[in-house]
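Two complexes come next, and they have one chain in common, chain A, joined by chain B in the first and chain C in the second.
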Partner chain A sequence: MKTSAFEMRNVRKAFRFFALDDVSLELEPGQIMGFVGPNGAGKSTTLRILMGLVHADGGEVRLLGHPIPRDQRVAKRDIGFVSSDMRLFQQATLSWHMRFVASIYSEWDAAYATLLVRRFNLQPEQTVKNLSTGEHAKAALLLALARRPRLLILDEPTAGLDPVARHEVLAELMEVLRDERRAILFSSHNTVDVERISDRITFIDRGRVVDSSNKEEFLERWRRLQLQLGAGIRLPQSPEIVDLSVDGQFTTLTTDRFTPELATQIQQAGATILEVQRMSLEEIFVANVMRHRKERAQ
Partner chain B sequence: MYLQIMEQIRQRIAVGDWAQGQELPSIRTLAVSLRVSVITVKRAYLELESEGVIVTRHGKGSFVAERVALATDLQQQKLDEHLTAAAKLAKLLGLSDEELATRLRRAKRNLGKS
Partner chain C sequence: MSSLTITLVTRELYLNRWLIATAIFAGLLSVYLASTSQMGYRIGVLAWLTIIVTIGVILPMYGIHQERKDHSLLFALSLPLSGADYARAKMLGLLLCFFLPWFILSLAAVVLVLAMPGIPDGMLPFVVLLSGFLIANFSLVLCGALLMTSEALIISVVIVTNMCVSLFLFIVFSIPGINDYVQSAVPVWNEVVWTVLIVEVAVLSFALLLPLLVIPRRRTFI
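So, the complex of A and B:
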């Protein structure tokens, strides 16, 4: 059996105004997981628990098979963690940082680091305080990538990057996956980035995992149907129907389990299906979160 | 997104960039070079396999199917798409079938001249 890149089982953590509730997640090697949620959903807290920076109140955490926080020293040799609130030393240069990281991690790949400096358009002799936001983010990512860790945990790696820099970063993340023993977990609220490169997608909202599955499955299941309903026609209640919004004769139906049978059912109820539309990950995300909040309010 | 990947692969095969019987790049390699997730490329390969465009041999990789008709199939499909679009426009313009046929004949004649 393959060891999971990471594993969380029924993880709980309560703060005064926020609680992470029963989070269970797993990622296989060779895959990228996009971790998506609104601000304050619990993305960073989850990543911090994984890294042993925050201790959970309950549940189990494993990184590359090692129990966390107990064996975090061993596990972390093979893990790269980058978050936007991690600051590099302001007075030092990028090349100083590269030498520093190389002195700690024997796995440091100097040739790869040099290549990344070029690909990311960075100046090794520039002091950190003179770097732009984007350059700082790329420098921090470079320091993690060049160690070639088996698991990369990235908190908002593309936040604050311009489109060109974002492209460079995503391309480099894909490059990591050439090696099927490696894995990446990255949080983002940019669903376009997540949709493009992720194999698995996890939605989190208000401290709970709303949905977690294979990306293609996600995109395949969700559909938006434009319907025309004659007077007096009512659609049957069905758990597959996530949302119905009525506008005069026209109704938009959102479903998270689209099948030809559902379409037949709708037609048999007397509705005309005008169009069946695929949904973008962003639309799925919003519909999913709204449904979840409605359910919890009840 | 896998639909786009399928289309790209079909086109590469149709124009002959990828010849019949030729081995396709591995799923992971293609994913990295197209900068899309492995799962998306995997899905595209599976669909193309069920369409008979490619053949996957276990442990050996995926290959372009040995089928001569592929390029013509694609062109036939393209033609149908264009004809459907033309029929829709004709309906909008209120053209009769005969008028549409005349226009098509004229278009073919003009091709011959150039």
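So, the complex of A and C:
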């Protein structure tokens, strides 16, 4: 039986002003999961629970088959964790960090590390406190990648990076995924990055997972329809309709389960479909979050 | 001890190598100064004391509090260990970083007392008690930095322990069982000296054991 890269079942964690509520997630080896949420949604808390840095109040967490936090020492041998909040030791050089990490992980690939130093244009003898934001992010990623982990957990790794550095980082992550045994959990509020590299996407908002699916499925299911409704025409109530907004004589309908049958149903109600638009991941994310906020408010 | 703990302790020594070397060099210089003249003795003793107290504050403040503040703790905790493992390694590493200069400078002070004709050997128990107090004092700052996340609380611990240095000098030096024999030609290891020493060992043990008992029960490490 294939072991999941990670599994979270009904995980709960309460803080004074925030609670993670009933979070369940799973990722198979060889997949990239984009974990998307607004600021303060619970992305970092979820990842820190996975890493054993924060202990959940309830639920079950397994990392590469190991229960967390109990077996985190074993599980973390195969995990590369990088966070935009993370800083390397300020007084030490990158080459010291490389030797330090190499002394801990027997899988450290020195040749790959040297290649990444060149690719990321880093200076190994530079002290960490003198690295720019982009260089620091790439150095942290290098230290995580060169240990050849089975699972990479990345918490907003591209936050604060310029477009070129972002491109370099994302390209390297795509490269990692050529090895189909490896998996990546990638948190971000930048949907462009997530759409580019992920094959599974999970949306989280206010401590709850609001939706989780394959990227293609998301992009296929969600549509925005521009409609013209005649006077007195009302669309039927349907759970597929996520949002309806009226602008003069035009109506915009957002659906999370678009099918030809839904289009027929709308036309039969007397509406004219002017245009069916595909939605970007960002639009899907915003619509999804807004729907769940509305539902929770009711 | 696991190989990862050894690696982390070695890392602590590496990152603090200049601080340790500077403290040892400056401390030995102050001991030498203390041996030169009456005035040199006063300045040297004050410098010796200041150096040990200062390194005892810098190590926990930079090694623990600053690491938490600049988020390099997150990098350390991404390694294959638990938060409690890391705190143990941190404590051991910083203890060793302090122990090296403390031991060398304490030894130098003992040698100064025994070798200098102008300083009575009766000072020896007081020097030993002062050295014991300084490592106990350091262990309290270390304990505070490991257990407290609030900067204000840690600074409070530093202020209180620094005040304790002056209090120790005034109070312990004025205890009859100690003060009466300071000028004697031979060191007197009486009951009072042993009692103060036992109290110092008890404080040291308490300050080092408390984090080991409390930190594994924590549910949040960052």
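The definition used in the following text is that the second predicted complex is superposed on the first by the 298 of 298 C-alpha atoms of A that agree within 3 Å, B and C clash if a C-alpha of one lies under 4 Å from a C-alpha of the other, contacts with A are read in each partner's own complex, and residues count from 1 in each chain.
We adopt the following convention: contacts are C-beta pairs under 8 Å (C-beta built on N, C-alpha and C of every residue); 3 or more make two chains touch, one makes a residue touch a chain.
Keep in mind the model is a prediction, meaning the values are calculated, not measured.
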Using the superposition on chain A described above, determine whether A:E216 touches chain B (first), chain C (second), both, or neither. first
In the superposed model, does chain B or chain C contact more residues of chain A? C
Which superposed partner A:Q31 touches (first chain B, second chain C, both, neither): first
Given the touch rule stated above, what does A:L170 touch, chain B (first), chain C (second), both, or neither? first
Looking at the overlay, what does A:S198 touch: chain B (first), chain C (second), both, or neither? first
Using the touch definition from the top, say if A:Q90 reaches chain B (first), chain C (second), both or neither. second
Shared contact residues on chain A for chain B and chain C? none
Chain B residues touching chain A - in the complex, by the definition given at the top: 1-2, 28-29, 31-32, 35-40, 42-43
Of all residues in chain A, those that touch chain B in their complex: 30-32, 170-171, 174-175, 177-178, 180, 195-200, 214-216, 219
So, in the complex, the side of chain A touching chain C is made of residues 48, 51-55, 69, 72-77, 79-83, 85-92, 96, 100, 103-105, 140, 144
For chain C, which residues are in contact with chain A within the complex? 4, 7, 11, 14-15, 67, 70-72, 74-75, 77-83, 85, 219-222
